[in-house]
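Pasting the structures here.
In the two complexes that follow, chain A is the common piece, with chain B as its partner first and chain C second.
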Partner chain A sequence: MENCRTGVYICMCGTNIAKVIDVEAVREFVSGLPDVMLVRTYKYMCSNPGQEMIVQDIRENNLNRIVVAACSPCMHERTFRSALRKAGINQYLFEMANIREQCSWVHHDQQDATEKAMALTQAAIRRVALHEPLENLSVDMSPATLVIGGGIAGMTAALELAEAGYPVYLVEKTGRLGGNLARVDLTAPYLYSAQDLINERIFRINDNNHIYLHLNSKVTELSGFVGNYTATIETIPVENGHKKEEVKVGNVIVCTGYKEFDASRITHYGYGKLPNVVTSFELETMIRSGKIETREGRIPRYIAIIHCVGSRSLEFHGYCSRVCCMTALKYAHEVKSAIPSCYVSDIYVDMHAFGKGHEDFYRRSSEAKTLFLMYNKNDRPVIRRADEKDDCQMLIEVNECLSGETIEIPADLIVLMVGMEAREDASEVAHLVNISQDKEGWFIESHPKLEPVATTTDGIFIAGTCVAPKDIPDTVAQARATAARILAKVSQGKIEVDALYSEINKEICSGCRLCNKLCPFSAIEFNEKEAYSEVISALCKACGVCVAACPSSAIKGRHFTDAQVMAQLDGLLSPVKYQIEAVTS
Partner chain B sequence: MENSKPKLNLAVYWAAACGGCCVSVLDVHEKLFDVVAAANLVFWPIALDVKYSDVEAMPDGFIDVTLFNGAVRNTENEHMARLLRKKSKVLVAYGSCAHLGGIPGLANLSTREEIFKRVYDECESTVNPDQLRPLTVSSVGEGSLTLPEFYNDVRSLGQVTAVDYYLPGCPPQTERLLEVFMAIVSGASLPPAGSVIGASGKAQCDECTRLKSENKQISRFLRPYEIYDDGITCFLEQGVICLGPATRAGCGVRCVKGNAPCRGCYGPLEDVKDPGSRMMSAISSVIDAREAEEIEKIVENLVDPAGTFYRFSIPSAMIRRKVL
Partner chain C sequence: MAIRINLGYIDELNKYGAEDVQLCYQCGDCSTVCVHSDDIFNFPRKSMRRLQMGLERKIETTLEPWLCYYCGQCSDQCPREADPGETMMSLRRWLIARYDFTGIASRFFRSSATEVIAILAVALITGLFLFIYGKAGGSISIYDGEGAFLPSSFIHFFDLAIGSVLAVFLLINAYRMWHLTMNKGVSVRISPWLYLKHIFTFPLHFFTQKRYAQCESKNRNFIFMPWITHLGLMLGYVTMLVLVMVFIEELQHGPEIIWQVHLFAYAASLGLIIGTIYFIRSRLRKTAYVQFKKSHSTDWVFVILLFLIVITGIGQHILHRTGYYEAANITYILHLMCVVPWLLRMPFSKWAHLLYRPLAMYFAAIQKDALKKQLRLSEDHMITVK
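Our next item is the complex of A and B:
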């Protein structure tokens, strides 16, 4: 091995690090360690001058290893790697010691914190000596995208990509596009027609020859990796036989949406038993057909709307379904304009009017003579049949929170604002594309704030209500975000994959097959003919599961070799000493 | 048929061992004549009456090859290990005990005191009302008698002195011994000092003909008597722990061929630091459960994990002994 000439940089992070750790003492300690050619402390290593300093030092002092003791590698590893590239040395000859999150932020004692910073830095110095130059992989990026689900999310994403000139396979399991939105009449808060929103898109989709639309179809298999997926699309075997097609795609967008909560699960609302207790979707159907009437064909004089059916309750779903409050207000509007004499009462828990234009919509609705009653979410309204003498079908007893009184209100038609929940086949889809679900069944994004549409599997994106309940604007924004992410990648034609992956040494692998089913990214394949296992490097995420499992140590995690990890441990456990100097004035 | 080359001086010695390795040398049967044709047996306590003092009198490097079997458990073993090192050109750690510590190494799961207590006080067949214990020196009328001192720890040969080659196995497969011996005799180029010889660079599964599928999930650990072994399916897939995947091939998969799972006597593969934890890590990766209680329940029916995973290797593993 060539001689290591290591440069070490100790960051103060303003005062984030320096207020607890004596960085000068760390510098002094590190200066005496083997291989260390140069040590500097600096206020903000990640700043441009900080990075420039590394580049300069590498060039002038012929450094071939760099250690930065600063924040978490999640924060700035990439920043510093690019500095190494810029200076013309391999970016993997670099190691970060985390003396902020793992040290200055969690310790108060200067003595202990400084010694720990010394140990962490020493560990990084020992480790980096064993780093090897690695080259990232460059793989082809197929220009086509697979979109699963033809609701507003899927349609929007498909159009965005196709109109930029890239092929899209749009797979919808029902016989028509539009998803749940096709069941809605007007949309809150601006009362645009849902049908118009959808039809315009369907028209553009049919007109676009980059979109290959597969109705009544499902994706039954997906293999490969980012840039190079192979998907099997099969028609759902009903009429006109069964068709199966294999397509090559670079990326996948999952837009499979939601289903409504089954109102009959809250037994005492009587849904399915009382004829005039209906769900929001059933009311939408009535509104769209132009006839709001009871099952008996009478015009209702009293309509009551109950919020949060299945949502915000520990018994069913803890979350808020986000669209029901505004949809309920929309119903108040629609009912009033269809039957001006009708009394509408709106029985809610909290009025969630968080979106743009929503608060205004709420204000206008309260002016429209709607009776608002607030109930406690643990104290649901009680519905009973009215007596002969009453002039209504049903009576609802509400313990009204604002007045503190128990109020009984009449109703001929009761509308249950059913919440959203994950589709029953969501886990099947998650498994198919190798992404995770949260405990409620929604798909998990790779970072809830910074990566809302990416997943932990490269090349698999999620958008719309399959991620969590949301309204149309948010759904559309996500759909477009996925398209933007994909366009940025496919326009390059190639994609760079991190050099961190595992490799199986064919000369050692005994073909025991213990590792074969362990890879969470399905990156391991067994070569039947020669009886050994192989890692498909572009698929491997370097998670290390197989490395730990191979009883023969035939699998090596690049950049995480035993020797590197052991050297790091040695450095961590070797003695360090810090003496706080007496304060001199 | 006079040999053009001078005959080699060969020694075989046993330290803390069961004697099986020495017997395995005899297993060469009629090939022994080839060995004797090529070598003078200068020291072999099981077969020849050569005293330690005779060895001490030999010039340094007098012995060409010493096959040293057994672990180092007491002062006598250590003395002989160092002595034979000095007197031998090539020192071979022969068999699992010399290689890794072997079965005697399992005693590192107890302390010397615990062992003495069991053997000299508690053992069902022991009658020792005066609670006598072995002494390294005892005076009797005729003078003083000595016994080797019993160490607290068992060590492998390589932990006591420099070893040229390791020939693994409990005992090593006789064919491997012959191959190695003939290679030395013929002067064929030998691997670098410190290498494992007479074994493969791959694990047992490479040679094992049992059917292996990707389905290695284990939902219950079974002992061999608890299954109807079909004779053709990989033991692991039948729920029986087989150390084959963590063990060098070379023995001819003799245990599995005899319908018993591999115990691991051929030792770990080249890059494995700690054979027991390697195999434990492998097995824990294929336990078919997600919930902690479920996993615990499955693990509970694994009888004697230390003995299963470290049967031959405790002294040379990272843990080396039981501490508490």
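Our next item is the complex of A and C:
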């Protein structure tokens, strides 16, 4: 084995690490270990001077192994690997010891914490000695993209990619494009016509010969990996036959949208029983047809709008559906302009006017004398039929929070602002493309702040209201973000994949195929001719399941070899001792 | 028991001057900044809300609008420009109409044309009557004494007659105010002793308007601070009213000047002329204080009519003393043509607050006392229950 010359760097992370761990004691301890050429402590290793120090030391002292004892590798492994590359040595000859998240942040006792930091660093030093230089893989990236869902998100993303010259397969379950937005009349707060927003996109989609539109279709199968997916698109069976097509795509965008909350689940709103209690979408239909009237065909004198139907209650959904407040204000405007003599009561929990132009829109609704009445989300309004002598059809009893009074609101038409829900087939889609859902059924992004449209599966992106409730601008922004992410990759033609994957020694492999079934990424195939299993390295995520399962020990996890793991354990379990120095005054 | 809200009420109050109340989103800044708002009488926030929701029963039984002197700090502070000060003012107008059993006040507030026509009609009838009466019994060239055109004894009788009509209306309306606020508006029993205990609150607030002075703590202009001008105008007016009702014969007598009476009359006239000019100027320029930024039609009728009264009053006095008896008599008729509609208008206009406001202070003191006692009792009760 080559002669190991290891450099060890202990980061103080400002005071994040140094306030609990005696870094100088760790330095002293480490400098006595075999193979260690050089040990340094530094305030911020991740800073430019910190990285520069590593590069300098490698060059000057011929170091060939580097250990950084600092934060989690999720945070800065990439940073330090690039320092190694810069210094001209293989980036895999590096190991991080996590003495922040796994040590200084979770311990208070200086002695224990310092001893643990010593052990973690020692483990990294023993492990890095056995590291091998590895090269990343480069695989082809198919330029085509599969877009699932033809709402505003899907259409936007498809156009963005197609107009850049790349093929797009746009798959929509129903017979028309536009999704839920196509059911809406005007949009808040600028009162643009939703129809105009959609139609313009539909024209462009129909005109664009890079977009292969599949209406009344579903994606029934997806296999492969980033850059090289194979999708099966099937038409939903109707009388005029059934078609099935297989397409090759590099990336997938999921924008399957939402469905509205079923208002009849809140029984005391009487939806479905009282004829003039309607949902927001039913009011949209009325507005689009140009007639706001009761079921009996009368022009309502009083319209009441109830917010948060299905949203913001532990009984149904705890989250805020984000668009209903502004939509309710939009109704107030539309009603007032259609029937100027009509009184609008807006019964809300909190007015969420968070977006651009929203607060102004809220103010204009006040100016138009919309009466805003606040109820407590745990104390819902109760609707009952009015008596003969009343000048209205129904009465809504509310404990109004701002006045502290129990009041009765007259209403001829009651609009329930139904919230957004994950679609019932969302889990089917999640399973199909191998992404996860949260407890409400929304798809989970790989990082809620920094990776809002990526998922934990490479090449699968999510956008719009299948991720969480959001309004049109946010949805469009996300759709365009997915397109930008994909364009950045397809324009390169190739994609680099981590060098971490399993390797099967075909001489030892008995061909039992146990690993074939266990692999969660379907990355192991059986070679029938020569009767052994082989790993598709681009698909392998280096989870190690096959390595552990192989009865013949024929599988090796690169960068996670048995020897490396055992050396790390040895280092971790070798005794360390730290004595806090008595304070001399 | 749930209260029906009245969504049309806000439109009704718009006619009384509440133009921006719909903008209020109940942040409560107005109540925080108001020196008069406390635990028991919490305004203007609550009043704004009741108005928005049209809780008429709650509004007609509350004293709160009367406890506000319209210093305008709330309107200055309001982040939504909902103008709580003007809203309280409009509620006072509505309450005046509500206390008024004839329904005249409500017509005047809602239609400036009705008010102007009524004033002109009363003025013409008065003028015609006095002219015919003067012609019949005297000569237009004699101002005072034997054969006078408008003898002071007759004017005295005439004033008292008008004053009695005024008093009847005012007293009936004041009774209605008491019934609404003290009978219907309070949940606790109020012992007669409390009425006696707080009796001095009424004259105290009537003559000093000391709560208005509390509003002024943050005002910069001492001379023209609203409290002084408001008090000056009111004292001038009341002095004049007493002189006209009781000492008219001495006042009208000439040519020598009876200083015991005239000194008061001159002082009152000076106060009134300065006050009305200041108010007209402020309302025209809309700059001095918040309360002058918006003027209801009745506000204009109020200041203009008062200004005319003072000018014609002073005019006839000067003309009399300088020997132009004919001109003096004609000016006197003009003066009375302004005075009579002015006095008759009083119970149906903003000027009625001369009575309602100190009365409200008196009632509020009684209510507070009664409520405090009840609160103390219930606290004791809670302690024993524990």
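The criterion applied here is as follows: the second predicted complex is superposed on the first by the 535 of 585 C-alpha atoms of A that agree within 3 Å, B and C clash if a C-alpha of one lies under 4 Å from a C-alpha of the other, contacts with A are read in each partner's own complex, and residues count from 1 in each chain.
Heads up, the rule we're going with is that a residue touches a chain if its C-beta (ideal position, glycine included) is under 8 Å from a C-beta of that chain, and two chains touch if they have at least 3 such contacts.
As the structure is a prediction and not an experimental result, all values here were calculated from the model.
Once chain A of one complex is fitted onto chain A of the other, the partner contacts of A:512 are limited to chain B, with no touch recorded for chain C. Once the two complexes are overlaid on the shared chain, A:428 sits clear of chain B and of chain C alike. In the superposed model, A:135 lies in contact with neither chain B nor chain C. In the superposition on chain A, none of the residues of chain A is touched both by chain B in one structure and by chain C in the other. Residues 201-206, 212-217, 236, 244-246, 249, 269-273, 278-279, 281-282, 285-286 of chain B touch chain A in their complex. By the touch criterion given at the top, residues 1-5, 7-8, 10-11, 22-26, 46, 49-50, 52-53, 55, 58, 80 of chain C touch chain A in their complex. Taken in their complex, chain A has these residues touching chain B: 507-518, 526, 531, 545, 548-554, 562.
Residues 302, 343, 345, 351, 363, 366-373, 395, 397, 400, 402-403, 405-410 of chain A are the ones that touch chain C when the two sit in their complex.
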